[in-house]
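In what comes next, subunit A is part of two complexes: it sits with subunit B in the first one and with subunit C in the second one.
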Partner chain A sequence: MIIFLVRRLVSLAPTLLGITLVAFSILNLLPEDPGATWRGAAPSAETVQRLRTELGADRPTLARYGLWLGALLRGDLGRSLRDGRQVTSILAEALPWSLLLNLGAICLIYGFAIPFGLYSALVPGSRADRIGAVLLLVLYALPSFAAALLLQETFAVRLGLLPLQGVSRGPDGATPVDLLRHLVLPTVCLALSGWAFVARYARASFRSAMGQEFLRVARSKGLSRWRAARHLTASAAVPLVTLVTVILPGLVGGSVIVEQAFSWPGLGRLYLAALEGRDYPVVLALTLLSAVAVLLGQLVTDLFYMVVDPRLRQRLLAGSSGA
Partner chain B sequence: MPDSSAPGARGPGAAAALLLALMLFGALAPLIANDRPILATVSGRAVWPALADLPIVGAWFETDLVRQVAWDPPGPGVRVLLRPPVPYSYRGVDLDEVLRPPGRRHLLGTDSLGRDLLARVIHGTRPSLLIGLGATALALLVGGLVGACAGLRGGLLDVVLMRLADIVACFPPLVLALAFITASGRGGVTVIMAAIALGRWTGTARFVRAEILRHAGSDLWAAARAAGGSLPRVALRHLAPLMLPSVAVIAAFGVAHAIVLESSLSFVGLGVAPPDPSWGLILAEARPAMDAAWWPVLFPTLALLLVLGALCLVAERAAGRSGARASTPL
Partner chain C sequence: MREGIVGPGACRGLALAALLALSGLPGCARSGEVVAVRDSASPAPGGRFVYPLPIEPISLDFVTGTDLASSSVTRLIGDGLVDHDAAWNPVPRLAERWEWEDGGRALVFHLRQGVRFHDGIPLTSADVLFTYERAVDPKTRAVGRVESFLPVERVDAPDDRTVRVVYRRPFAPALQGWEMPILPRHLYAGKDPEGLNLQRAPVGSGPFKFVSWESGRRILLAANTDYWGGRPYLDLFDFEIIPSQDTALQALLAGEVDFARLTPVQWQAHAGDASFERRFTGLRYTPFFMYDIAWRGDGSNPFFTDPRVRLAMTLALDREGYVRSVLRGLGEVRSSPFRPAALGREGDLPVIPYDPARAAELLDQAGWRIDRASGLRRKNGSPFRFTMLIYGVSEDHLQFSQVAQEGLRRLGITMDITRLDWPTLLTRLRSGRFEAALTGIAPSPDPDSMYTPLHSSQIDGGQNYAAFRDSQVDAWLDEGRGTLDPARRREIYRRIDALLQTRQPYTFLFSPVVQGAVARRVGNVNAGAYGILDPYPGPAAFFILPGADR
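After this line comes the complex of A and B, so read on.
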């Protein structure tokens, strides 16, 4: 297990390096000089020169990459061009909000997708199953920003049930209940597409699992459908967890849209603001972080899979000791 | 994974037909919703003003006469013979008709500048489809080339290219597209296409590489090679046709993804530039007036749903009910 973990981490290193390279080279297409975007009216030529030196903009690209990478390894992401604050502290402020939103969405996705898939696999062809299938297709095809507007229009504007946007009513309203109320719409919105995806997958995989020999035997010996479902869940639900790696890029990217639509003070909204203000160090850090988040998600899923599936664990261990 | 060894399913054909129909609809939008008539006479001479707004062939109908005459209301000496079914332009601002609810004059109502929403939704098809198809074509081309190079060459090139694909696949496509558009100084349909394709070629590359490796040992392959076919030739003439049905499925899903990305970019203000309508942009413009009007929110959403739902449905049928994953969340 430890051996596997170490090997896995080592194999991640080149990918991580590649991620930094890709992020850096895309952002270096920037036609403008990062030194000239410092906020304030017409900086003097001297200031611009000083900033250029400070930011390393007067050096060749490769040297800049080296400098940036070196700083990155020391945990230094540079300073924001907007207000001169450390990028790390800006990110640290926004990160909890995004984590809350994304973890909430993942819980929501699985909390609803697996029971849904199980139910529709147990009663295939029923009216509920068919209506569910259409509903899933609709939700699957609904882009998150459109879903956000529909949810806001319905639940906040017309019905007035939930707050329209933001994280709290005001400085005095920052209670847990108030936070939860603000969390509902963005989380649901972020979860919709992934939920539809996982549920459709769950439906198919539960249904094919229903045809397995051991279940047919169990059913023919008089086990009820619902009891049989218990045996089914373990074998068919575990692979569904690996789908996290598939939905993760969509979730992280979708946060940008959802956070913007709901004025949620997370990393996604920070990203858009940084793009608009050409806040180069913040944009670079966030681009990097999005890919690293996806990579970490893959790693965690791998480990989870190893923990729950003894067969895989044995195979991997045999493989690693043989190598 | 869709079973590519079983071609002949009707699915890919249906996907192609749907895409073609949507393209045609987008291209003909100026004839469906336009404040200029399709056919009119100006002092006895027949002109085709609406046709002048068509893509590509439009310039041919854009005569001096068409440009100078007022159409709405008709100027002196003008006789309108045939108007489009929706007699409004997508950019015809009318401040007396701001935020009118759906009714007889405006079937889907008007937006906060008094523009006819139906006309805007119809014209919104064009940028969405154009960018969706363009970006997907680009992604398929790049992905196909990378996958083919990796699969045919093997060795170090294979390792490097596939590692690159793995790395790029870590980035959420939307994040990549946003960064690319901002970094390249924004603007232009081609930039948006490239930005979307940037994050979407990796799947195709993996698929093409896997297919090549799968077939590389087959009798078909050996026979074609023995007959003297060069590697690229064998791949193109004998393998590509085998992959075509699966590629159609990938393309249909790809177009759906690209449309979602395009409209998301437009929604946050980094996509299609106003006054051109994109469904994402119409929705972004509907946001400030949300508490006064629901129709600018609902109808573009329905248009998106209709097109994306149809694309996904057709693509899934084509992919077959193999029970395996044929797509990723949009």
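After this line comes the complex of A and C, so read on.
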């Protein structure tokens, strides 16, 4: 198991290296060099030259890549071109907020989608199943920015039940309750499209699991409906877990819009601002971070497989030792 | 000054147009046209005012943080020597008075007595000297400040309360640069500014003290109870960073913020609504900003070297129609980059009308005739087909360029539109690799700000994007810069303006008008050219009506 983990981690390295190379090259293909954009103002030729030297922009691309990679290995992501602060501290400020939002959304998606999928799989074709399907389709089709406005208008402006935006009501220190209240609307907004997707998927995998011989046999031998459902869940869990790796990049992408709409101080907003301002060190760091997140997500999924499915465990372990 | 007066002072920075476009905050300017919100209730201290910032400030260092968001905050924390009122007349701030000496070569400021920084240390002329030196030190990279200090020969502090600035030659727009807030020298002395964190936690002498900056969330200021100008009424001034304009409006409606800028569509939806008007007061202002099209006239294309063609372009664009229909009237059509006051005129300046028939005549005269077969204009066999660069993120750029395209098509001219992001557009403008470009121009109230877009010395690497070259205009611009006599100055800029009307190196389009709304629970709110934070004393005079705190 440990060997498997180590091997998988080692095998991530070349993938990551490839991603950094691609990201670096794409940024360098953009039609001007970062020296010209420093702080968005109109700097003198001398300032531009100094900055170019500082950034290494006057060296060949490969040499710059080498420099950047070297610094990265020392844990140095450079300084933001916008405000001159360390990129690591900028990321460290925004990362917890993004994690909170995305983990909240995943919990909300699964917390709703699995019971719903199970229910509609147990009573296929019922009125609840059909109405639910239509409702979910509508939610799925609703663009994030429209959903955000709708939620804000309804729950914050008209009903005044929840805060509209931001992460705390006032400057007097945020209480956990206050934070939770601020978390509700953006999390729901981010979860909306995932709901439909995962719920339909869950329904399908429960349905196919229900068709399996062992369940029919167990039920005919008098296994209760609820105990059957438990076995069913374990059996349907494998494909559902895979979904996390599918929806996670989507959530990260979707949270750019949600963070913008709800003034949420996370990575999505940072990414947007950095791209617009050509803040190269921040863009590179965020690209790298999301690549790492996706790769780690896959790894965690594989580990989870090993926990829930003994057959997969055997195959993965055999595969890793045979490699 | 192009695209860049950013708050007070002669700050240049091309960030503003991008900022304006991003935030949906339109820009430009006629002072005097301000709406005041006043309430009869008597002011009492207390309360928190929440102001939505569309973009996070870059730096709260008084010297380097010259972008619009940063200077909105720093002008509350720090005091400049001078400031301006809502009509953009200079008003005393740290300097209680000033005078010109030596035939206009020296500007002498007399500082007021009893001014202290927020840490209790008195502010003296040595602090002013230090701030100036830090601004012009190349290591500081104060790109937004250096321009206005370039003509300075030296700055002296003969005593604690006198600052004497000597210019190489008389420099008429000198005062603007001294709106720069003054830094506390004692905090910097002998220390590395990077390590001091004063760009994230500044100390000044202004009406509000810095409390905290939570990245991506808010910057909080508290009343400076010992302010030399008297304690501000508000206890707290809270800048909340709200990137989306839709969200900012919703936040206003939900009572989470006290002010919001509205798009023309948003304003139309809410104006006249009884419950909206019961809670909010509308106010309008026009920042010093206008859209313009630069016609590259250096002969690199066969179209725009001829002034008749450029004038025809202006006549062919229905600017009034655009302002009326698309902007719902929230815009002012321009044909002059100058404020009426700068030219000694009252009321609106005349505008070149929409006249496609006259445009066609001029194009015919210039040799661009309709080709019967295709219906397109040609000269010496080649068609009149050019590309206009626009900033692809801005709604104004997109919509106006489409209207322009249609107008020109009817005259037999094909205009292609290329959407670019801001840095790329800027690079193309600077290098001169374009035929026409829709950009923005932010002339400060002083007419000298048109030096950079018009003077021939600014073609290479400067902001004379049209590559306009006229030795007479060069001479007038130089003379205007060095002339202190107001009447003579107005005469000079009247001449430049008259010449621009026929030469049209740029087509000035329109200034978007900002429609804002402020909560009625707040009193003493005034709008200057850049909004409610702009005129001095601004937020220092705001107060919350009794019983109306959140």
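Following the convention adopted for this analysis, the second predicted complex is superposed on the first by the 305 of 323 C-alpha atoms of A that agree within 3 Å, B and C clash if a C-alpha of one lies under 4 Å from a C-alpha of the other, contacts with A are read in each partner's own complex, and residues count from 1 in each chain.
Just so we're on the same page, a residue touches a chain if its C-beta (ideal position, glycine included) is under 8 Å from a C-beta of that chain, and two chains touch if they have at least 3 such contacts.
Computed from a prediction, not measured in an experiment: that's the story for all the values here.
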Are subunit B and subunit C a fit on subunit A, or do they clash, once the structures share the same frame?
clash
If we overlay the two complexes on their shared chain A, which of subunit B and subunit C does A:Glu213 touch? Say first, second, both or neither.
neither
Once the shared chain is lined up, is A:Gln165 touching subunit B (first), subunit C (second), both, or neither of them?
second
In the overlaid three-chain picture, which partner chain does A:Ala196 touch, first (subunit B) or second (subunit C), both, or neither?
first
Could you tell me if A:Gln260 is touching subunit B, subunit C, both of them or neither one (first, second, both, neither)?
both
Between subunit B (first) and subunit C (second), which does A:Tyr140 come into contact with in this model arrangement: first, second, both, or neither?
first
Quick check for you: in the superposed arrangement, does A:Glu93 touch first (subunit B), second (subunit C), both or neither?
second
Regarding the shared-chain residue A:Arg278, is it in contact with subunit B (first), subunit C (second), both, or neither?
both
Looking at the overlay, does A:Gln152 come into contact with subunit B only (first), subunit C only (second), both, or neither?
both
Identify the partner contact of A:Leu270: answer first if only subunit B is touched, second if only subunit C is, both if each is, neither if none is.
second
Candidates 93-101, 165-173, 237-245 or 309-317 checked on subunit B; the stretch that hits subunit C is 93-101
Touching subunit B and also subunit C: which subunit A residues?
30-32, 145, 149, 152-153, 157, 260-261, 278
Show me the residue ranges of subunit A that touch subunit C in the complex, using the header's touch definition.
30-32, 36-47, 82-84, 90, 93-94, 97, 145, 148-149, 152-153, 156-157, 160, 163-168, 170-171, 260-263, 265-266, 269-270, 273, 276, 278
Partner subunit A, residues of subunit C touching it in the complex:
4, 12-15, 18-19, 22, 48, 55-56, 58-59, 64, 66-67, 138, 141, 143-144, 146, 194, 199, 211-212, 214-218, 220, 236, 238, 240-244, 246-247, 250-251, 253-254, 256, 393, 421-424, 426-427, 430, 461, 463
Touch list for subunit A against partner subunit B, complex:
14-15, 18-19, 22-23, 26-32, 137-138, 140-146, 149-150, 152-153, 157-158, 193-194, 196-197, 201, 204-205, 207-208, 246-247, 249-250, 252-254, 256-257, 260-261, 271-272, 275, 278, 283, 286-287, 290-292, 294-295
Any idea which subunit B residues touch subunit A in the complex?
163-164, 166-176, 178-180, 182-185, 198, 256, 260, 263-264, 267-268, 270, 280, 283-284, 286-287, 290-291, 294, 297-298, 300-301, 304-305, 308-309, 311-313, 321, 323, 325, 327-330
